[in-house]
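Here come two complexes built around subunit A, the first alongside subunit B, the second alongside subunit C.
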Partner chain A sequence: MTFALLVSLLLGQGYAPQRQGLDPLEAEKEARVMRLGKQLRCAVCQGVSIADSPASMARAQLDKVRELVAENKSDEEIYAYFIERYGEWVLLQPTTGGLNSVLWLGPVALLGVGLIIIVMQSKRRAAASAAAGAPATTPAGPAPTSDDALLAQVRADLEQ
Partner chain B sequence: MNSTLGYGLVLLGLGFAAFAAVVGLVTGMTRRENALPWVQRAVYGFAGSMILSNLVMVKALLEHDFSVKYVSQVGSKATPTIFTIVSLWSALEGSILFWGAIMGAYLLAFTLTYRREHGRYMQLSLGVMAAVATFFAFLIAGPANPWGVVPNPLSDGPGPNPLLQNHVLMIIHPPMLYLGYVGMTVPFGIAAGALLRGELGDAWLVPLRKWTLVPWLFLSVGIILGSWWAYAVLGWGGYWAWDPVENASFMPWLTATAFMHSTMVLERKKSLKLWTIALALGSFVLTIIGTFMTRSGVFNSVHSFTQSDIGPTFLVFIAVVLVFCVLLLTVRGHLLVAESHLETVVSREGSILVNNLVFVALTFTVLLGTLFPLVTEALQNKKISVGEPYFNTMALPLGLLMLFLMGVGPMLPWGKADPKVLKQQFLIPGGLGVLTLLPVVLWRYGAWEPLGGGEKTFGGFASAMRSGDVMAAITFGVGTFVTVVTLREMFLPAQQRMAESKESLFTAFVASASRARRRFGGYVVHLGIVAIILAVAASSAYKVAAERTLKAGEAMKVGDYSVRFDGLANGKEPHREWVAANITVIGPGGEERRHIGADAPRMNYYERSNDPIGSPLVQEMVWRDVYVSLRTYDGKAQTATFNAWVFPLVGWIWYAIPLLVLGTLIALWPQRKTAAAVKAEAPAPNAATGTT
Partner chain C sequence: MKRLGPIIALAVIGLLIFVLFKAFGTDPHEVPFLLNGKAAPNFKIKRLDNDQEVTLDQFKGRPIVLNFWATWCGPCKAEHPVLEYAWKKYEKDAVFLGIVFEDNEQNTKRFLAENGWTFPQLFDPKSTVAVDYGVSGVPETYFITREGIIQGKVAAPFSHPMQIDARMKGILQ
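Moving on, here comes the complex of A and B:
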């Protein structure tokens, strides 16, 4: 691009690929617009919400949200409007039904099962050591006395 | 000429790597240890040829030798010299070549460090690492060859990707990440070697730990610098978007962090052996999957400038590595027998176990969320998105749990804890944590406002929960708790020394810290992580945003600041032209700061790109940033539309980098082996190890 062209764009035809967009609504409604906008995916960007994207397409979509909010449409109705036009893909936060439950419950299940295993392990040890009437030490492990330091060093050296 | 030389060096490197892999693995398995010098020589050869090949590429770039395919893709005579050098990693082929050089440097450093070690220990590790190196050398020689010859070279090229020329951070961020990614090959080699050998004594463990810490640090710094770059360049006011490629770098970081913690249990208790090894293997696998995500073009992201058709080759490699890891763990895993078991969850080892669980759960969440759209598309032929809201919802509670454990863990003793002592220890940090909640809540309800920048509208509890407001307050409470515990753990030994031997605070502090460098370094890193978490919480929950179209002379309010538009300007640099919106930022006390021309928010026009690339103005301050982004302008009407934000504390994400570096260096610093130190440091049973 030449400098002259740049100047002509600057002063002349009004180089404005991006939409100016509607003015924000009053604070409470605008907060709702932004919250909804955060959940909707910009159609031409890379995984960015329409609230975050500077692209003109996203501005237009956000303006549509403003319109719908101004008409006092519910969240569900607004989502439905966008899903109808762009498919489920438009929701940045996937729905909870069907196969998607794997997405939501998988990590929770992992955490739960893990915790159960850890607690059961410690319970079992506690029970075992109580039955033996001794603090739970490893039967095979060497007793941790300071005399063993030399022995340990020798073993470590042998291992090399 | 350059092409022939560079490509020849790549082939040479491939030969050396393959030789080292075959000889290392075969003689390692058959226990012929006299072959070690040959493996070492081959590794040196590989490192030398790879590094030389990169130097030749830098030379070709500087000479603007457009007969080299890669130079013809990214070179341009208009590009400033520094960005010409940097363009070595600005596109796929070059970055894989650079990857080879880093791989060479790592293997060289590792081999030199342990050159006097016994072959039994080294051959298998080096063999596995060299096998990975062979794959990458093959990639450079074949599918991602940068050394192709252009028959009729043009006199100039297009220059590197404009996004990469826009900020100086682009010079440091990619090499840091590469150093993190590639470095995971070393612990992978050691861990796989240990499994192949069927033993895991201290001889394996110490290098395994140290050589995980090195790439961990680079990965941490690389991730933070990447987020800083996104914040300073992309202009949407964020630093982390859960982009597939960001996720790809985050996952190995999570598993490597988990590894660093479980390795303490392994050392102390001789348990979690298999688990720790699995984490080391997993971190490497995740770096390879991450590379695949970045390079294959399966995902669209900010990083997709590096797309190419190396995907299939990579998939095969991932499959081979996965099968290798699973086979190793199932066939050799039983050789790593735990020598103790968990007694109670309320103990240091218990807390580390829970920490590991949370880290793995988060890794799983990120992996699941990243891959899930591919799964539904394959199974149901339905396109869905898994974006920021999902990851935030899932990561927030897990992150908070991690933060909490960071305070609880250091407080708990190994083995059984005395509940009475625990209660006593918990009292002060816990109390201070609750106290922190108070001003935050008061401030948010508008009753107390020394910090400024907050909105006073507060739409009830439900909307507060949704906006993350309450969660942020809780984060601050827990963060204070962790900070107090950490500082106490850092200073308590010094205090005891002062009481015992009447040393000054400084001497006592230095002495006690150098006694337990790893622990101490770990705490310094913890403080850095706390700073990052608090900065993330504050900057996302307490940010203020505004958006307006201004005529020259008009101003808009954003929090306690106003932004005045002073008119448009334009300018020209060798590689780009720009249009800027001059502004003045007026602070709460009326102080004005003018931003003109190159220093103002602007749109940059590069020859190579049709769309302008914005650069925001970030007025960085210690406690908050004012961030103004030019969205559109109208030259005829002399108006400009701005997005403006005030982000409290956001800078602390990057200010934490020195703490992470310092802590890691303290932990890595070699311990001098004085007789006293050996006695004090080594609890007897720790040295006797392995199941051989």
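Moving on, here comes the complex of A and C:
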């Protein structure tokens, strides 16, 4: 029911009163609050951090960050508080561990697989050429094929 | 290489099908909720009718239904008859508590005086309880076992008594 507020407004059923957040902490701690707040997704908004959202609920979440910072909790402990409730969805920048590593390493792995395929194909062609009696690498022109042998035979027959 | 090619192709196709299956099975707008099966956070907030402090711990040993709502929320008012029905049916077996958040006390008291609510209504002035419970919209209803464990939440208004009956069975066992 994230859209309940919108529906309520459209139907003229009232409005959510805006509430003041807690007073800011001392400058250094408040900067940390805002840095952490920028990394946490607002639960009632669409992809906005709790530090950037004007929603009253986002202010409540930011107040929680403020409270935890005032208690000298570490960044990890503060993230863990929100992850415990909303999962990693709450992090605007997903972590690189666990299943997420598949997403981060996937493109690199695909590139590696592509390179392996190219190398194997090249080796296969070289082996095929060697089997046909031609050098594996020819400095100029394409590798001779069975068609070339046939042409040579035709020329020899014509000369006779 | 001839053998490896189809295996790699099958692995890639299988991975794509798995990702698509996972993605199609979920609502992209749904906010995840991970407190399921975990201990319900305790709180200490006041009742709106008599200003007495209420904690969750004081109800330990009894199943609890926690309904988060606000007076400006139309769907919250629409589900009210269903909650009233459930309270009348289960009041001897379970505790029903309303928690008003994202609202102001004066508004709420006036609303309750005009409309009359049966089960206790508590006031969460800074939405701290809502944040502790991972609320992501309004109304939301939490079902808590007699051991104090959250056994799911409904993040939508109830429109039919059967919906709440099914949930009550889970916490009354």
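The definition used in the following text is that the second predicted complex is superposed on the first by the 85 of 160 C-alpha atoms of A that agree within 3 Å, B and C clash if a C-alpha of one lies under 4 Å from a C-alpha of the other, contacts with A are read in each partner's own complex, and residues count from 1 in each chain.
One rule holds in what follows: contacts are C-beta pairs under 8 Å (C-beta built on N, C-alpha and C of every residue); 3 or more make two chains touch, one makes a residue touch a chain.
Predicted model only: the values in this text are computed from it and were never measured.
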Exercise for the section: Classify the contacts of A:Gln61 with the two partner chains as first (subunit B alone), second (subunit C alone), both, or neither. Expected result: second
Problem - First, second, both or neither for A:Gln121, with subunit B first and subunit C second - result: both
Exercise for the section: Determine, under the contact definition given at the top, whether A:Val44 touches first (subunit B), second (subunit C), both, or neither. Expected result: second
Exercise for the section: Could you say whether A:Asp52 touches subunit B, subunit C, both of them, or neither, answering first, second, both or neither? Expected result: first
Practice task
Considering only touches as defined above, state whether A:Leu111 meets subunit B (first), subunit C (second), both or neither.
Solution key: first
Handout entry: Partner chain in contact with A:Glu26 - subunit B first, subunit C second, else both or neither
Key = neither
Exercise for the section: Report for A:Glu76: first if it touches subunit B alone, second if subunit C alone, otherwise both or neither. Expected result: neither
Completion exercise
Max touched-residue count on subunit A (subunit B vs subunit C) belongs to chain B
Practice task
Figure out whether A:Gly87 sits in contact with subunit B (first) or subunit C (second), or with both, or with neither.
Solution key: both
Exercise for the section: Could you list which residues of subunit A make contact with subunit B in one structure and with subunit C in the other? Expected result: 1, 3, 7, 11, 13-17, 19, 87, 89, 121
Handout entry: subunit A contact footprint on subunit B (complex, rising order)
Key = 117-118, 121, 199, 201-203, 235-238, 241-244, 270, 300-302, 304, 339-345, 350, 353-354, 357-358, 360-362, 364-365, 368-369, 372, 375-376, 379-380, 382-390, 393-394, 398, 416, 457, 459, 463, 466-467, 545, 547, 549, 568, 570, 572, 577, 579, 605, 607, 611-612, 614, 629, 631-637, 641, 643, 679, 682-690, 692
Practice task
In the complex, go through subunit A and note every residue touching subunit C.
Solution key: 1-5, 7-8, 11, 13-17, 19, 22, 43-44, 56-57, 60-61, 63-64, 83-87, 89, 113, 117, 120-121, 124
Fill in the blank from the handout: subunit C residues touching subunit A in their complex are 1, 4-5, 8, 29, 31-35, 38, 70-77, 102-104, 107, 125-128, 130-140, 155-157
Handout entry: Residue ranges of subunit A in contact with subunit B within the complex
Key = 1, 3, 6-7, 9-21, 24, 27-28, 31, 34-35, 38-39, 41, 46-49, 52-54, 87-94, 99-100, 102-103, 106-107, 110-111, 114-115, 118-119, 121-122, 125-126, 129, 135-138, 140-149, 151-153, 155-156, 159-160
